[in-house]
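Following this message is one structure expressed as structure tokens.
Chain nomenclature is as follows: A, B, C and D, assigned in order of appearance, with residue numbering initiated at 1 for each chain independently.
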């Protein structure tokens, strides 16, 4: 009953298979490998963006920080929520890569609202040289709390950004889970709304460690390449990144894995939601469940082998994250444990 | 006849096998995986350094830059040769990671001499606050030009560094090739001489992309971990880095691969050295050969399928880098082409 | 009726006199001038800190940012209020000088409370490498809203910091105004409470542009000097900074100027506080007054020549800052305008 | 007999007079003072550059580093000589302000030649993402060794830079001395040749601490302003910087002071050049003299009160720097001491 993270499961055999396919003979390094050509083409097709610049990075922190550094100047500020991964979980990587830009936290918690974003933008960039310049808006989809913005939600946020001429970065660590939850296309969730750079995450959705950074306007592509190399994120044997992403794109594996993960969460949710001591606190349409429950209940669940994160002390909040590989039996075992305890 | 780089060959099947072994079930991320425990122990044993702090990074640029950033302050300078990878081939990564430290180039070209190092150190750090403070000495073994410092050579450089209380960083992208060439142990080539931090390279010697950073004094281990995360170089699914390095360490695969690569170079060297138009310009004891030859000769070789880098115009210089996977038949075919052209 | 800023008045003649005194003949640069010896000794005496390291910088932004950069690492976070000058008014200078450290905003607005500071510290530094490390606490006295922490208030904040082993930085742009308001000594407001580095501001209190940075523990003095030079803040003709600070320290000019400025504010406050449409929103014990008043009232005052900042739209808030040079007649003229309008 | 530096003399009384003139009443800060309007207009007129963006900074290190940071990206390299102030004497300030750009040292020593500059540029920027991108060329006039490039020399260097589309920065710490030595106009020595940004130094030529940064193309003016504030180099009481520069520009004080300083050097040179043990090693047309002499001679001169820097050990090299205030009697006393010792 391992529900702690989508970083802890294995990768599908098909990923290993393409790695083996890639492992043949002599190949040019640094992104000049044929599998990267395939990846580039597939992502452009998938996003209906024939001009897009497409790059791979091995970690989400790198993908986000490099994307932001390409969008903003060191004297700028980036607008994000107080719970954003770039604020909470990257040990100052955005500040590092941008050369010291600030993160301005949009009031609220997990979901950014257009009103709060507007207030945050208004609060910055109006003090001449004294405060930071307005830099970019960073949105996370699926959010850190497992919520999924609707396309209208995202559109409203992008519209605010655009009304201030600010570029929009989409942290898509769980991009596929959101696309599946919304039943939309990648294009509909990105450039058609005004997203300028999207991170198309692979790691949390079944790869060993690969994220694609997609610039819909390729104007800053070369700058990104230089920044990636400077950050030590350009792989000499790039084919092994390409291979993972190629596997992910072939036969829509990315969608298949996300469908599975979301379905696991739905199954878990169905089995939990009616428990009298459990309050589900997010909208479970993707692969995460946050729920409040008494400490004693958490203790009992953990004692019987459920592995997940708990935070807070009054009515502690539990977090379940499902990945593609979670066995249905484990879910059912947990549901049984919860309800028949 | 692909001789351009040791970044362009495949990895041994055993690496894929341990990846598959690692790809079982649920595992803690971020370096808390059991294979990393194995790696840590094996490297401590290999280096006879039971206290050493051991970390993995996926690229050599990251490994070097993070190591240096842990050793020096932004107002310091790092002493290296004008041909060092950190100076020539990392797009300012050391300056980035150190927060703007300088690289002071030690006079000469490929091999650092104790005298030139002393002069370089003397030329810096003596102007109070006006110039940078002396920071660290960075030595590359095998050098960029394929030369191997003897243990005495290295000892003399470390002694200079120590006489100024400067820490020593060893860029060991081709660490294994050097150990094999010298017939020494990893400990003899590092901390026993005064090396403080060594990069034990795996990527150029047969892995997909893993380097170990070994701090013989663990005092700054936590700082390194924070810097690695901040740089986006901490892998959530760390087991796939651990697996590669574990494969590399089991049964001394690292040594075996380096022996093969060095032997390939020796075979190539034996077949080239007597050609009247070829002048070998480095000591071929590891896996690289640099040679000067007339442009017409280079042209003929390339025309017939030899792939390698050439630089310079008068008497252009060719570079061959051998990896473990190079077929002997290709070498022999090249030698035949060269000598019977 | 110029009430907008304490950055807009002239300097006392005595400052010009010491500049002229300094302007004699040949003098060593970079801080080795005799007036700096005098300044160093006078500040050590004033702060009862014979070991303190004392430096000058020409701007408050530089003084704060350099002090913080000496206290924290790039992977750390600094705790301050959302209204702190380092957050609001320095265009990312702290992020720049620290190499990308984060500022964590302590909940609340102008005054930091021990409880909120504790919560902020607890919220950071507990996620291993994922979040930033706890770095330092930065307190502003007089606050941005013109409030003065009591010594007990400051003690409680320092105690929280110390309980986490965090160093304390005091942004003392209006240090003298606070000391006068509290009737305490500089030592009582700093190291006796646990402050590690204090900025003893001169610019807002009558100098052309000089702040003293006082490290009560000189261990990092040399690092500060290197960082100051690297930031371009070491003056070759340092005597002209020393001269200003020497003038400020001789005959307690700093105290005299602050007494005047505070008295101006008290006079203004006395004439405003009973006006039915005016609500004073800070404790006027130093040299600043913040007040809410109807837009129409602000408009009338400005129309008749009162110069000051107004922000907000509903019941706009005005800010008056008094400096030593403000003529009493202007104050009285304003009070009359306000009350007899 | 103080010949060590042009940083050690007093400022003309007229500078103090304009400071007193500035010290009247209430004035807007941060560069919005009327004296800055005067300065801006006078510099535009002086440089025949009506569109130029003009800013003040208090130190040369800040002026240079901010100018370079505005011209280049962190992944770029700046071409300068091994003796350039930005390389030798600024404790990594250029690396700091540019966010980690590299300095590529143009072969040679004090004077940059077009051939060496071309070779340096060719050696960089041709390795794709592996090496730094070509960023800017930085030229120092008067050079660190007291030499003055002719307009043709400068033109040739600018032409090389322009042929690679690189912007040119002129470090003009001794700008006025060069203009006087060449008998040209500021425009002829800058934008008419291709200089993009010039630092018009005041500090070494008689001010307390002010340099003007002149961008001939104002496109990046706002970026410079943000960077200046972020660096802590924007003065709240800016009028005291403006006042110094206004004094410097009125009645061509800058030219007058430089003429005096150059004349002092010429007088000194005339009295030294025929001494059999003295070898003058630079072209003395500005205000500096470098000369080789036996150690015993240096010792005798110093013993009798001559103050100046000596470096090297075999035939030690002395450096004299003359400022406007040096008394002719001291020069004559020195010459007499030298020749009649």
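Everything that follows uses one rule, which is that a contact is a pair of C-beta atoms (placed from the backbone, for glycine too) under 8 Å apart; a residue touches a chain by one contact, two chains touch by 3 or more.
All of these numbers come straight from a predicted model, not from anything done at the bench.
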So which chains count as neighbours of both subunit A and subunit B? C, D
Farthest chain from subunit A, going by mean C-alpha coordinates, please. D
Counting only Cα atoms for the centres, state how far subunit B is from subunit D in Å. 42
Between subunit C and subunit D, what's the gap in Å when you average each chain's C-alpha atoms? 34
Determine the centre-to-centre distance between subunit A and subunit D, using the mean Cα coordinates as centres, and give it in whole Å. 50
Residues within subunit D bordering two or more other chains: 74-75, 90-92, 96, 99-100, 129-130, 226, 229-230, 234
Subunit B contacts subunit D in the complex at 74-77, 88-92, 95-96, 98-103, 105, 127, 129-132
Listed in rising order, the residues of subunit D that touch subunit C in the complex are 2, 5, 7-11, 16, 19-20, 23-29, 57-63, 65-66, 90-93, 96-97, 203-204, 208-209, 226, 229-237, 240, 307
Considering only the defined contacts, which subunit A positions touch subunit D in the complex? 30, 73-75, 99-100, 128-130, 133, 223, 225-230, 234
